[in-house]
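My questions will all concern the structure given below.
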Amino acid sequence: MRKLIGILLIGGFAFYLITVGMGLFSAESRSELDSVGSEILATSPDLSGAANTVTAVVVQYRGFDTLGEVTVLFASALGVSMLAMAIRDGLLQDLFDDDGGFVLQAGSLALLPFIVLVGIYIVLHGHLSPGGGFPGGVIIATAVFVVILTSKTLSIPRGLINVLETLAGLGFLAIGFVGLYSPAQSFLANILPKGEFGSLLSAGFIPVIYAIVAIKVASELINIISKLTAAGSASREAAE
Amino acid sequence: MVILGNILIFIGSLFLALGGLGLIRMPDVYNRLQAGTKATTLGAMSVILGSAFLAPEMLTKAVLLIVFIAMANPVSSSTIGRSAYKGGVPLASRSVRDDWAKEEATE
Amino acid sequence: MTPIIIVSLVLIGLSALLTVIRLLAGPTPFDRLMASDTLTVIATAFLVLFSVISGGTDLYIDVAIVYAVIGFIGVVTIARFLKGGK
Amino acid sequence: MRNWKGTFALLFLLAASWLLIVSSVALVELIAGAVAIVVIVLLTHRSRDLFGGLRLSLKALLFTPIYLMVFLWQLIRSNLDIARRVLTPSLPINPGIVKVQTQLQSPLGKLILANSITLTPGTLTLDIEGSSLYVHWVDVKGTDADAATQSIVAGFERTLMEVVE
């Protein structure tokens, strides 16, 4: 098993080096490469309908890469949860002898709904202002994180979170395949109407994809955290 | 409106600077927390409100940010103070009283 | 930019400088944590002010809101872990 | 029904926050916000319980702005106080930790009280256990616990009692 992983990693790295090398030598002139940025800036409003060009690039121009990133995040979540099992004895033990104090407990509970609301705002307005699925999802997950840190009894609906995570991943793929069989005939083609520039319902499927990304990021992070804390409390009980 | 905004920004940044000075001058972590929290909370609130007066289209978001700072800043200060105390940081030598230590000694 | 705004910017810079000195000087980890907490609030205020200076777009205030939220969560989390690792 | 009250209060506060942050009343934004708020309120039952500590009456509504005024005034006072201490070359401080009592029952009330104490002149709440607060005080006056309670807690408590349980 370990050997297989090693071979896969080395193979992947070699593939990466070869691709980068070929890219370096095959590019005929630098100016051609440099023109990509200005071209994107010029065509982005018409093509994607998103006011935030960075978001348009992340979700539309390189939507495929974003899908890959979500997959990488899933793999790392898996890795960390395996790590959590390994550190069951020790590392997180001290943390659970203490509940964080009343002010932090009540304070994090009071602020939690509002922080999640800000996260949702950031996700939904990702195509209009700085932000998007990744930072929004992280905000939501970290707010839950603080509440988990301050309570010994909080039960995380693991099943629900796993289902959400899976559905988000499948949803991303489904939207991609809808694009593939649409008239545009390309994976992740932006086939939804562009809407009025600058309003919430604009930029076609970009807000939808960002919502999916946010759900995936948030549920994966919450999953990691709850597994880590479960490992911590297991080690505490073992010590007692 | 513009004049009021400028005044608020100036007062706010003055309090921020005083808070920074307090961070340098105070003798221990608890007193520094006192100076830091109060000065930066009011200072930031004042600067944000003043900026909102200069650019009225962001007034609503500014109000929300002010409320958030007013709720979150004391919580984080209390948490730092509590964990410093539980982590064994002593009070400054010129402190006159410690009810909490007395409490834990008698338990 | 009015002279008052320039003076205010200098004062905010001074405040950030003093805070960074405390951040570097310590002496306890809690002092550094408190300094970074203070720095978060100063940065939030500066972002909002910068939003006005740069022509009144409300893009930076979104950044400021996210910054305030993440700063709060980060500081609180580190405070919890510092307690554990005493 | 305590929980029902908390749900209502949280719904109202979240709706107000959403309107403030999107600063628009476009129909799409309102619908998106409504969906988001309902989902949040459904999932955060412990926060709902916490906000159940709010009193929902005309009197409470009347006392909220009064409380905010008191709070703001104390915040300004505390800044002037800190400024005076920091700018005096001899650094006139007399710090210590005192234990004070509160009569507030609900967690929300204690939280708001702790936050208010942290932002008032010379005091910083370190921890709350039951009905006693451990407060770091820059300028400890006397050794009597009742006197300390009187000067730190009582000012807020009277107004706050009208707003929360």
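Chains: A, B, C and D, in written order; residue numbering restarts at 1 for each.
Rule of thumb we're sticking to: a residue touches a chain if its C-beta (ideal position, glycine included) is under 8 Å from a C-beta of that chain, and two chains touch if they have at least 3 such contacts.
Being a predicted model, the structure only gives us computed values, none of them experimental.
When every chain is represented by the mean of its C-alpha atoms, the one lying closest to the mean of all protein C-alpha atoms is C. More C-beta pairs in contact connect the chains of B-C than those of the other pair, out of A-B and B-C. Centre-to-centre, using mean CA coordinates, chain A is 33 Å away from chain B. For the pair chain C and chain D, the distance between C-alpha centroids works out to 23 Å. Centre-to-centre spacing of chain B and chain C amounts to 11 Å, using the average Cα coordinate of each chain. Chain centres here are Cα means. That of chain B falls 15 Å from that of chain D. Multi-chain contact residues of chain B (touching two or more other chains) are listed as 19, 21, 33, 41, 43, 57-58, 61, 64, 68, 71-73, 75, 77-79, 82, 86. Multi-chain contact residues of chain A (touching two or more other chains) are listed as 98, 100-101, 103-104, 107-108, 110-111, 114, 118, 125.
Within chain D, the positions touching two or more other chains are listed as 17, 21, 114-115, 125, 127.
All chain pairs that touch, listed by label, are A-B, A-C, A-D, B-C, B-D.
Taken together, the chain B residues at the contact with chain A in this complex read 68, 71-72, 75, 78-79, 82, 86. Residue ranges on chain D touching chain A, taken from their complex, read 10, 13-14, 17-18, 21-22, 26, 28-29, 32, 36-37, 40-41, 44, 46-47, 50-51, 107-108, 110-111, 114-115, 125, 127-129.
Chain contact summary for the complex, chain D toward chain B: residues 17, 19-21, 23, 75-76, 78-79, 82-83, 85-87, 91, 93-99, 114-116, 118-119, 122-127, 134, 136, 138, 140, 143, 145. Considering their complex, residues 92, 94-95, 97-98, 100, 104, 108, 111, 115, 118, 122, 125, 129-131, 135, 138-139, 142-143, 145-146, 149-150 of chain A touch chain C.
Those residues of chain A that touch chain D in the shared complex are 101-103, 106-107, 109-110, 112-114, 116-118, 120-121, 124-125, 147, 154, 199-201.
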